[in-house]
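As written, the chain order gives the labels A, B, C and D, with residue 1 at the start of each chain.
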Amino acid sequence: MAIHEECGLFGIYDGSPEANVAYSTYYGLYALQHRGQESCGITVNDGGVLTSYKDVGLVHEVFDNDRLNSLGKGKMAIGHVRYSGDGVANRLNAQPLLVRHVKGPLAVGHNGALVNGQDLREELEVTGAIFHTTCDAEIIAYMITRARLASKSIEEALSMAMDRLKGAYSLIIMSPKKIIAARDPQGFRPLCIGTIENGYVIASETCALDSIGAHYLRDVEPGEIVILDENGLRSNRDHCGRNTGLCVFEYVYTARPDSVIDGVSVHASRCQAGAILAKEHPVEADVVIGVPDSGLDAALGYARESGIPYGTGFIKNRYVGRTFILPSQAEREEAVRIKLNVLKATVQGKRVIMVDDSIVRGTTSANIVRLLREAGATEVHMRVASPPYISPCYFGTDIDDKDKLIACKMSIEDIGKQIGVDTIGYLSLDGIKQIAANADCNCCIGCFTGQYPIEVPSVLKKDKYDFKIGEEI
Amino acid sequence: MAIHEECGLFGIYDGSPEANVAYSTYYGLYALQHRGQESCGITVNDGGVLTSYKDVGLVHEVFDNDRLNSLGKGKMAIGHVRYSGDGVANRLNAQPLLVRHVKGPLAVGHNGALVNGQDLREELEVTGAIFHTTCDAEIIAYMITRARLASKSIEEALSMAMDRLKGAYSLIIMSPKKIIAARDPQGFRPLCIGTIENGYVIASETCALDSIGAHYLRDVEPGEIVILDENGLRSNRDHCGRNTGLCVFEYVYTARPDSVIDGVSVHASRCQAGAILAKEHPVEADVVIGVPDSGLDAALGYARESGIPYGTGFIKNRYVGRTFILPSQAEREEAVRIKLNVLKATVQGKRVIMVDDSIVRGTTSANIVRLLREAGATEVHMRVASPPYISPCYFGTDIDDKDKLIACKMSIEDIGKQIGVDTIGYLSLDGIKQIAANADCNCCIGCFTGQYPIEVPSVLKKDKYDFKIGEEI
Amino acid sequence: MAIHEECGLFGIYDGSPEANVAYSTYYGLYALQHRGQESCGITVNDGGVLTSYKDVGLVHEVFDNDRLNSLGKGKMAIGHVRYSGDGVANRLNAQPLLVRHVKGPLAVGHNGALVNGQDLREELEVTGAIFHTTCDAEIIAYMITRARLASKSIEEALSMAMDRLKGAYSLIIMSPKKIIAARDPQGFRPLCIGTIENGYVIASETCALDSIGAHYLRDVEPGEIVILDENGLRSNRDHCGRNTGLCVFEYVYTARPDSVIDGVSVHASRCQAGAILAKEHPVEADVVIGVPDSGLDAALGYARESGIPYGTGFIKNRYVGRTFILPSQAEREEAVRIKLNVLKATVQGKRVIMVDDSIVRGTTSANIVRLLREAGATEVHMRVASPPYISPCYFGTDIDDKDKLIACKMSIEDIGKQIGVDTIGYLSLDGIKQIAANADCNCCIGCFTGQYPIEVPSVLKKDKYDFKIGEEI
Amino acid sequence: MAIHEECGLFGIYDGSPEANVAYSTYYGLYALQHRGQESCGITVNDGGVLTSYKDVGLVHEVFDNDRLNSLGKGKMAIGHVRYSGDGVANRLNAQPLLVRHVKGPLAVGHNGALVNGQDLREELEVTGAIFHTTCDAEIIAYMITRARLASKSIEEALSMAMDRLKGAYSLIIMSPKKIIAARDPQGFRPLCIGTIENGYVIASETCALDSIGAHYLRDVEPGEIVILDENGLRSNRDHCGRNTGLCVFEYVYTARPDSVIDGVSVHASRCQAGAILAKEHPVEADVVIGVPDSGLDAALGYARESGIPYGTGFIKNRYVGRTFILPSQAEREEAVRIKLNVLKATVQGKRVIMVDDSIVRGTTSANIVRLLREAGATEVHMRVASPPYISPCYFGTDIDDKDKLIACKMSIEDIGKQIGVDTIGYLSLDGIKQIAANADCNCCIGCFTGQYPIEVPSVLKKDKYDFKIGEEI
């Protein structure tokens, strides 16, 4: 699957004398690396002095001991990993964004996408704002700092700003005195709270809490503002209580299986998807295999439910890095071999059920099926652990244009033929609604239905490449 | 598991007009990266001109398009990935070793370890040899080129050299006209042959054949010399027919599961180990989990045989790179959390069978068991898919000193206590013999028995750090 | 001398079909590298699209062919080299600053220092501005873009902004349609205009014009705004005609000797300083030597005027790079040996006149004199080609605190003793006024007199490290 | 001038408790950087353990504090800087070469070129030697270690080897117990000895002694072997007393002006060349200028002798690094502008005498003359501080093929026309003999006469690219 989610957030308030918040944030970002591999950054707050470092690269590429030590020691730090869904992959857009306003410095990290970002930007510009980046985070920073002029605290300013922000935004903010976390009223993106001996941790996923030995406390509620400072943790829930809509793709694909989001284990939700799929689309076969890594859990669920043995169908090469050289155009089709190899012992002479989490364009699936056939699979039955992907996402999941979505262009039957399988079965809309039925909030399944929890623009203004487009001046 | 095997070999003769042997070797080494992550190199033969590049780093770090193109085009190339088991991690020891002798240039890549390397080195030195590296490959290069003075061809010279070499050596050699591959008479390390449309491929494992779409032909036989040139493929089997002893650890841990070695699927051999283990050490439990990645296959085998459900017990962080910063000494014990996280949904409130491929020191196992307990496992039963590791390896597997091997120091029962499990069970010696019972050669299981297929020195001369030890002169 | 000037500017409008403005700017910045070795950047305007790259490092370290080509082709580009006089040496402060405002993108490069920068920053902040950097360039960008809201063009906005800016600012600005250059009304920093076949070039110094074969047209006048676009070159002189004050240190130290500033050759002005010095402080001696590189010209002038032979007294190591490792503290005093070696053949047994451009702390001079004595100089007479440095610079020259200025702490005679010379002589205030007597504008000699062409704050607010200082919020 | 000399050597024995020989060698190599900018290396001997690091790059690029500290502490170290005159610019050829032979480790650094290197290599290969590099240093290492088999000490072995080596070789060698330096019997390349408080220093030039505060003791004599160890310094002079021939180009171009070679100041020899030139080729003019850097000293000498004022004619850009991007082919001719700018104030309206050290191809000279004319010089008279270069160098100076030497192709008059000067004058052969008349050894002036101090091969075997040429095997 080629869908990428945008960002991971981490923040820590550690009042212990031996606290090293830069290192804790480093380990936390490690655990969130799957949420963004393009750039990363850490900002440390040492007695009100904010020091930051960020660059393009993986966490272990950007930071070494010298870098971490240069950030100083303190009680607070926030960090960010980013995947550029907006096509502008550069150092300037790396976060946390660190700015100075009339009340001092402010660091901001954002996960999500505003639907009214372009409108707000224009509104700010006509009142004298200038922009250095193409990130929504900068718009949000402006909205907060403008509101700060007419409010008594940074959290009050954030609350005022949230009256104007529409769309998906999980936020982590640090001022000289506080860390503030917030989740948009729909709760599109996850955000959770953990406790450590002398403080608190905020993270996009619970796996980051686990990585530093923090204990899961609860999720930030949709619409909630959480303030961490020397007085402990307190909340503003003025924006809570609206129609919620956690992105269901967090369960389907984005999050790490060992995370628990809004009360539901990601791994369990995927197993559940596989189990429902087994009921909805049974077929006689010898082995159930998953496409690594995001199809493995659903395959396990399918196997358990169906009673057909689970097998390891593919080995994924773990060393394929960002700088991996792709073969020449002519051999591009063969490239999948380098990343994924069929385990013949599992599939040779067998009727195979292959489970993946979703199908976007269908080209990779076709290549994988071909490999299975070459390895001697006698039948290949594809099972997809989510419904057909037919509608764009406006909330931070980077999906190809509608005309590249295979499910917009042909019937399910034709997709099966295109991919070369004997049968194909997608999870139903009813099914996807059940995979996290007990979650603490509703799920947005707009990408499968075209119905979103909030109004989306009929025409989405796409002016993100502004530094590349000049105007009369 | 902290055991590391040393090296991976790749060679290609491609007579196609559109051949790009540098890129093919690059992809081949990618598939073999698990055999050595410290340094790598490629040597291309363009019409008799040998051009080489090698450096410390992963394949995708050392090579980019410019580097690969700078190697030129040709019909032949060889490549090497290396893990330094000898403690000297440096650029000089990267291979292929490229030297010039009286008959021209020669490139040599080696996987294994000679037991008489030190003797041969001294013998060469007293007749005027000087050494630039601490690799056995340089000793082998000398033995071949010295023999070449009294022989008619490089393959004849290699055969003469093999009369003197004792120990483990899979070799890939390139002269201006030929590629020559060889495997020591015991066949300690794997080596296989594949075919492409206009040529042949040699590789340490079949997964490298698969990665470039080559077809598996057969394994190089223990003792066989294979010559590839414009006349095709031919063999010298003068050293074949002796007592064979493929390193059983290739099945247990080293090789990639999708490889087939000497006729046996590595994945299948591991599943088989798990199945035998289930028979030898049954226990009542709710779920069987494997320690990623090398314990997963055996766990699957154990689950199938026992009928106890297979589950995903751990998520491994795939982004932990070589430059990952370890926590301070005090927190080192916690470090396992960063690399491995327990999937609570699988183990909470469950009786867990945890399968790993082997135990060397036992410290990592103890940490993992602690994580399982913290996550709510009610019982933890450890099952080890190989016998207790009690004896050093002289043939290229980098194992800690005997006094660090936990199985040398305490009883199995005590190991279980130390690790903190409710029960522990190791695969029996009979069991390990059955995991690849149908292989085309016997296995060396010396690390479990102290009995080796060839004589090993009573005292192994360890003078590999010679550039660090001065003598009277 | 340890004084560093801050920045160099370059801009080009080239209407030729074969124009490659990125490369031209690269060569131009090369010629200006002496004005800033810390960071550099280039912004190219391709049909209104502004693309930028900047980083910490020398021009040849930051840019290679790929980088330059990635900037695209176009008719306009601006570039900047920077030395961080403000103690915050980082990537964020690299210029040109590229921002987007309501009318589109804007790139800004600045050389100089505002005296009311802090006031303007605070004024902007209370009306909602947020700052990403600690550069005056960002303040200037804000002042321009705010003014742009109430004006018809970017040049009109700049003119409005200049009503508020106080201090030193040579500017180079690029909008989608134009390049605009400006010099503050005093003309503290140099800026000149050159012509090429189909366009114009702007540069801090004429040496940058020479480097790309452009012809010198004239200097930008103090207070002048110059606009380059498809209609050619035009000016706004609304701010011209005030009291001018080009920094005399441009002649004394900062500029390259082959540059001509405001009508006067830098080399000639230094020779002239040396000649006047010879008249003011004659002494019997055998040879006149200069301290490389900035004392060489004055030494030549002294030698010619006095009739005492000119000699090469020192060889400077040209390979000492930014990453050169300084010896341990104990041996720091000896470090000068590594950078500078005495040419014994010139000084042994001789009475030596040593000319330097200025003395700041005096420690380096003392070390050099010691080397001369060790090499056998029988007498050492120091002659300084500028008056005693007694007052801070508010206009962009990075000078140590007053309490480190040796001339503030002791008499001239005592300075001589401290340095260890037989006699010492400084250029007089009358003398310094004559070194560029025919320049097209007056010179600021405030560092020698404490009298500046414009009012300076009694207490200079030093709040440049704002990202390191938190406040109540 | 495009002539490059090959290498610089440094060695130190420091018995002080606080000795840090790695750092001393680092500073020494800095001072010798002009002798080789391609690669460098340092080997430290810590109690008989030799640890080495070398790579492609300048000294300050290859070494940082970590690297230097990783070499350990000890009493002995040697270092090397290299320019690859042999066309094979790579890491493998970096020195010191560190090898192990029967008596232990040996590090070898070489400056020069053997005339019988190819013969010796072949002789070694037929007796079983294999080569890793294309350096003469490896041949020399073999000759020494082979001789060591039949001798009592490394110095005796070196003496035996010297019986066979023909050509130019200044050597610095380190065994576990000693540093040994040697100079070939002709003394083609310089090598000198300095003293420090508790030890000795060996260096290619005295400027390296000065850089670490060592005192010049004497030059190594042509043919002398010098041994440094805990017993102090001793010599073997068995190869002394033959016909000497120090490369005169060391005085003309290669060495640093502040060095003293075989008793003569390099700076003084160049001034002397200029003075003789003034007598041999007088002309009426207004100013004498030198081409930086190697023509400056001779220009000073010419000016003094002729009484015509000395002026600064050019400013050289000090920041042009190795990675500087050359303009496109069409603009290559203009490239000289970027590196060198005319100082108009010096030459405009003047009759100019331009002095350079030598002319090889003549293209650069022609470009420079054109710049002078453009800057308004009314006459340009070129004076060359050495005779016409007509014959190849076999001893380590990397000179273009004979057919690129302009003096081989046309008369002096025609050279003047080609370059575009009004008059041209070369130093006579008599003149060149006088520039270092008092040196402790004779000079080789073979490049000007075709007569060499030792026999040179009629056809020089050029088989240095051996790793690029395959043979039947």
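To be clear about the criterion, a residue touches a chain if its C-beta (ideal position, glycine included) is under 8 Å from a C-beta of that chain, and two chains touch if they have at least 3 such contacts.
Here the structure is a predicted model, which means the values were calculated and not measured.
Separation of subunit A from subunit D in touch steps, taking the shortest path, is 2.
The chains in contact with subunit B and with subunit D alike: there are none. Remark: subunit C and subunit D have CA centroids separated by 37 Å (rounded to whole angstrom).
In this assembly, the C-alpha centroid of subunit A lies 48 Å from the C-alpha centroid of subunit C. Here the CA centre of subunit B is 60 Å from the CA centre of subunit C. Every pair of chains that touch is listed here: A-B, A-C, B-D, C-D. Of all residues in subunit B, those touching subunit A in their complex are 20, 23, 26-27, 30-31, 33-34, 37, 58-61, 63-65, 68, 207, 210-213, 256-258, 260, 265, 267-268, 293, 296-297, 300, 304, 309-312, 314-315, 317-321, 323-325, 327-328, 334, 337-338, 341-346.
Residues 45, 47-52, 91, 97-106, 122, 125-132, 141-142, 145-146, 148-149, 153-154, 175-178, 466-473 of subunit C are the ones touching subunit A in the complex.
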